[in-house]
Amino acid sequence: MPLKLLNNVIFQSIFLMSLLIVVGIFIPNWLVFVITKAIAYGLVGLGIITLMRGGLVSFGQGFVFGIGGYTAGLLGTQAGLTDAMLLLFISFLFTGFIGLIIAPLLARYRDIFFAMLSLAFSMVLYGILIKIDAIGGSDGFVLPESTYFGISPSPEYADYILYVVSILMTGVVSILLRYYYNSTPGLIALAVRENELRVEYLGSSAFNVTVLNFTIAAGLGGMGGALNGIALGHIDPEFTYWTTSGEFVFISILAGYLSVPAVFLAALFLELVRSFSGRYFPDTWQLILGVFLILSIIFIPSGIGSFFKQFFDKFKNK
Amino acid sequence: MIDEILTIILDGAIYASWLFIVALGLTFVFGVLKILNIAHGGIYALGAYSTATLVPIFYSLGMPDQLVILTMLVSALAVAIVITPIMERGILRRFYGQDEVLIVLVTYAIYLVLEDVQKLIWGMNSLYVYEPRELLGALQFGSLYYVGYDLALIGLAIFCGLLLWLFLNKTKSGKIVLAVIHNPEISGCMGVNINKVYLAAFFVGAFLAALAGSFTAPLISVQVGISVAVVIESFAVVIIGGLGSIPGAVIGALIIGMARAACVHKLPEAEIFIMYFCMAGMLIFRPKGLFQGTQARKI
Amino acid sequence: MKFFRHCLILVSSMLVSLIGFIGVTSADDHKGFKIGVVTFLSGPAAEPFGVPAWNGGKLLIKLLNEGKVPAPYNKKGFGGMEITAIPIDEAGGATKQVQEFRNLVQRDKVDAVLGYVSSGDCMAIPSVADELQALTVLYDCGTPRVFEDASYKYVFRTAAHAAMDNIAIAKYLIEKGHDISSIAGINQNYAWGKDSWKDFSVSIKKLSPNSEIKNELFPKIFSGQYGTEISALMNSKAKVVHSSLWGGDLQSFILQAKPRGLFKRTQVVFSAGDHVMPGLGKQYPEGVILGARGQYGMMAPDTPLNNWFYKAYMDEYGVFPAQPPYRMVQGLMGLKMAIEKAMDKNGGKKPNKDEIAEAFTGLEFEAPGGLVQMKLGNGHQAIQPHAIGKTAKDKDGNIIVTDIVRYKASCVNPPNGINAVDWINAGFPGADC
């Protein structure tokens, strides 16, 4: 019985979530904030991983990241909607909807073509955003402070509350994703990755699975963008820039597609490396980040997730 | 009126040739190696820097002015000779056969490294090599003056494009490259040394990138950060024209170049948007670009 | 191999946490005065702005700590406290800067942040600064909107906003009797370029209602290729071409336009044109009317403080200081004055942020570029005197600035409580020239 419980996804997630929430009380404020940001990036990475299970990598997740961020931002400034949880949820739905619209355009393509076309989409959005002065143009705009169930927390606790909220929402999303991965379309995605034509011959639609995956990835990316915008209190077209998209791809490749928590760990890792190299090597942080990216791709090609899997497999065998 | 149209065409052609030279290497490397080389912009910057370093040395040696073009070629070649073994042999080769997007990410990392390498080698001051631009004098069209050097860029673009096209289609080695583009595995079975072809193709791509940088150097102030815009513009050309296609790059460069020139003269507000507009239109109607090829799917 | 990989991960994660640990512990030493300095150290804005500014800042901090700066800045450091500076790269967009700002305040526990060249960053940072109650000095950025759209308690800008650059140029053109019957502009397609052009063109329209606006070109930032724009500008035959291009873009524009005769055919005005002079040297065109965003560099006033700074910078870096180092030095000096004023009041203790903010509000201090007065935005936004000049060649062929006209701060800056754009549109009411 206890062993079975340990293997239960919901139990694991609740344990991890409560651990993080408790730990959050004791760690310094900046780390709380960095973790919140890592969660935002991790959500987008999670979207890419969903696509990766179907053999595709999007190099343009900045597209959905930006849409999510701007959705939350515009709802906040134009419609006066400031409830963080509601904003995250609406951004998730809306960006997912946008994803559903463009998914059929992209779902016909594979490999590098898919990556490049998604990149092109994100660049078109970037071009549009820097042009619209009404929403700040290239400068972006400041988001109003967020509230939770109508209460606006005092500044000392705002970071921690957002941290808790993001952990809770991410936890729920992760559990749902785990179930999706084990569902029929989730497993077909793996088969599509192996051999698309055989999947078609067996009577399933690779196209439909890809559209579904892309929609989910878009929703997750949108939620990540909204969370990032809310946490920082500011959004700008840089959200959709290709360098941002590159970071998401890196997170998901560093994590690998085998494990959900690994994505957030990878995001945190990247965030820390970037932040500290910027702090201690302000002149050469790009060099350090670049070398770090190359080394981690060389030495951990299948991602951190593969260690998790090895570890748990060993654990199970015992 | 005629005057204005002529100006637009001329301005557009100059800009299009610049775009074409920048994008040619990118699209060729993509065609052969199936790598979207983001570090292309970084190599472009290195080419500009190396020209900005070598040309003053050339002048200080008191050589005849006309040979400066040769120096620019040499500086581009030097960049390609140094960068190709490091990038292709040293780093990219480890990832062949793996997910192509992984390789894009690796080139992104290399791009980041190159940004700081420029800083470490050449420092933060901007460099200038405007002398070569004075070489060909100025020409008058209507009421406007054009610099001969800028017009010569059109010739350079045509020359580069034609040379590459002739090489691919009229020589044996070129046909081997085409075979590798079509199917690396079968070509390998037929006795083609694929690694060599990849190395050579990457070399050509790097050389073209550095060449673009080296011939742009006289027009600009060479400093940190010049590579960012290049990555995007060349990518846009390649997307519009079709991935990996040389005629596509011609058309893509011409479309963007002409559209932009027309906008600047007639509708300046739209200028910043026009490139993305062309790209969006292409994405919706012909997502693989104007010159899309058919692709075999593996079972 | 697998073992090696495990080791690598272990080692690298240990390294990261170690750096994190150092970051946390080193943040606790609080004897001196710690500032974060944010400016461009990479990307296209590094060479023209970030690096020279930080060079000036580094130099001044060193000399302040040694106590080698002339009066009234002769006290060591900030009121006797040694200054430590943490430089941070401003590249990467406003959102990234918000995060870096939080890191500086929360992780490094800096006493103040001095920085920001980009207007986008200046719009994004203040709300976070007030939320975290972190003393922040904006030293360079141009947009007037920072203190016009909102008010902040802990945020100060020690340099005049960009409106005066273009108002002064318009006034100069008219005073010197230039033909302004038609004007055209080439400005980058973002807030800075658009605001600059609007301020300039409206000012011209107000001062000379008959002048006609020809081309309004807005090429995208960092495009570096201006062939087409130059053709369009020359075709339009406008009498005056205005530009607020900066850095590499300005350098490229000059290099491309010069052989095509634009500077000979048209009167070109650069609203922020001096910072590329050290780089371009003799290639800089003559006959160009330019501003330096203040009385800086070649247009600096002949005061002991300026002569000292000019020489100190020249000795250290072998090149004359243009706008960027002046502005950062201005920010540091303002901060120093505010801190020392607060210390006079509290008996010489290290002042807290509220005491400094109170002292900073409405402060007036002498900087190398002239008297800086924190008069706008209820004492948070500086105004300063301005100068416009025209380039010419001296007998050795070097480019110098002549025909300098100086403008009082109150002549080219709006009074407190009036937005810059409204002030221009109303025809400069209350300008004291």
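To keep things simple, chains are lettered A, B and C as they appear, and every chain counts its residues starting from 1.
In the analysis below, a contact is a pair of C-beta atoms (placed from the backbone, for glycine too) under 8 Å apart; a residue touches a chain by one contact, two chains touch by 3 or more.
Just so it is clear, the structure is predicted and the values come from calculations on it, not from any experiment.
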Contact graph of the chains (line, ring, star, complete, other): complete
Most remote chain w.r.t. Chain A, using mean C-alpha positions, is C
Rounded to the nearest Å, the gap separating the Cα centres of chain A and chain B is 33
Here the gap between chain A and chain C, centre to centre from mean Cα coordinates and rounded to Å, is 37
Check: chain A positions touching at least 2 other chains come out as 130-131, 283, 285-286
Going by residue number, chain B touches two or more other chains at 115-116, 119, 272
By the touch definition above, chain C meets two or more other chains at residues 42, 189
Per the touch rule, the chain A residues reaching chain B in their complex are 57, 59, 105-106, 108-109, 111-113, 115-117, 119-121, 123-124, 126-128, 130-131, 195-198, 242-243, 246, 249-250, 253, 283-287, 289-291, 293-294, 297-298, 301
Chain B residues touching chain C in their complex are 4, 7, 10-12, 14-15, 18, 115-116, 119, 124-126, 128, 130, 133-134, 138, 143-147, 150, 216, 218-221, 223-226, 228-229, 260-261, 264-265, 268-269, 271-272
Listed in rising order, the residues of chain C that touch chain B in the complex are 42-47, 51, 189, 215-220, 222-225, 227-229, 231-232, 234-235, 247-248, 251-252, 255-256, 259-261, 276, 279-280, 283
Chain B residues touching chain A in their complex are 30, 34, 36, 38, 91, 94-95, 98-102, 104-106, 108-113, 115-117, 119-120, 231-232, 235-236, 239, 243, 272-273, 275-277, 279-280, 283-284, 287-288, 297, 299
Listed in rising order, the residues of chain C that touch chain A in the complex are 4-6, 8-9, 13, 16, 19-20, 23-24, 41-42, 86-89, 92-96, 98-100, 102-103, 106-108, 119-120, 123-124, 127-128, 131-133, 189-191, 194, 221
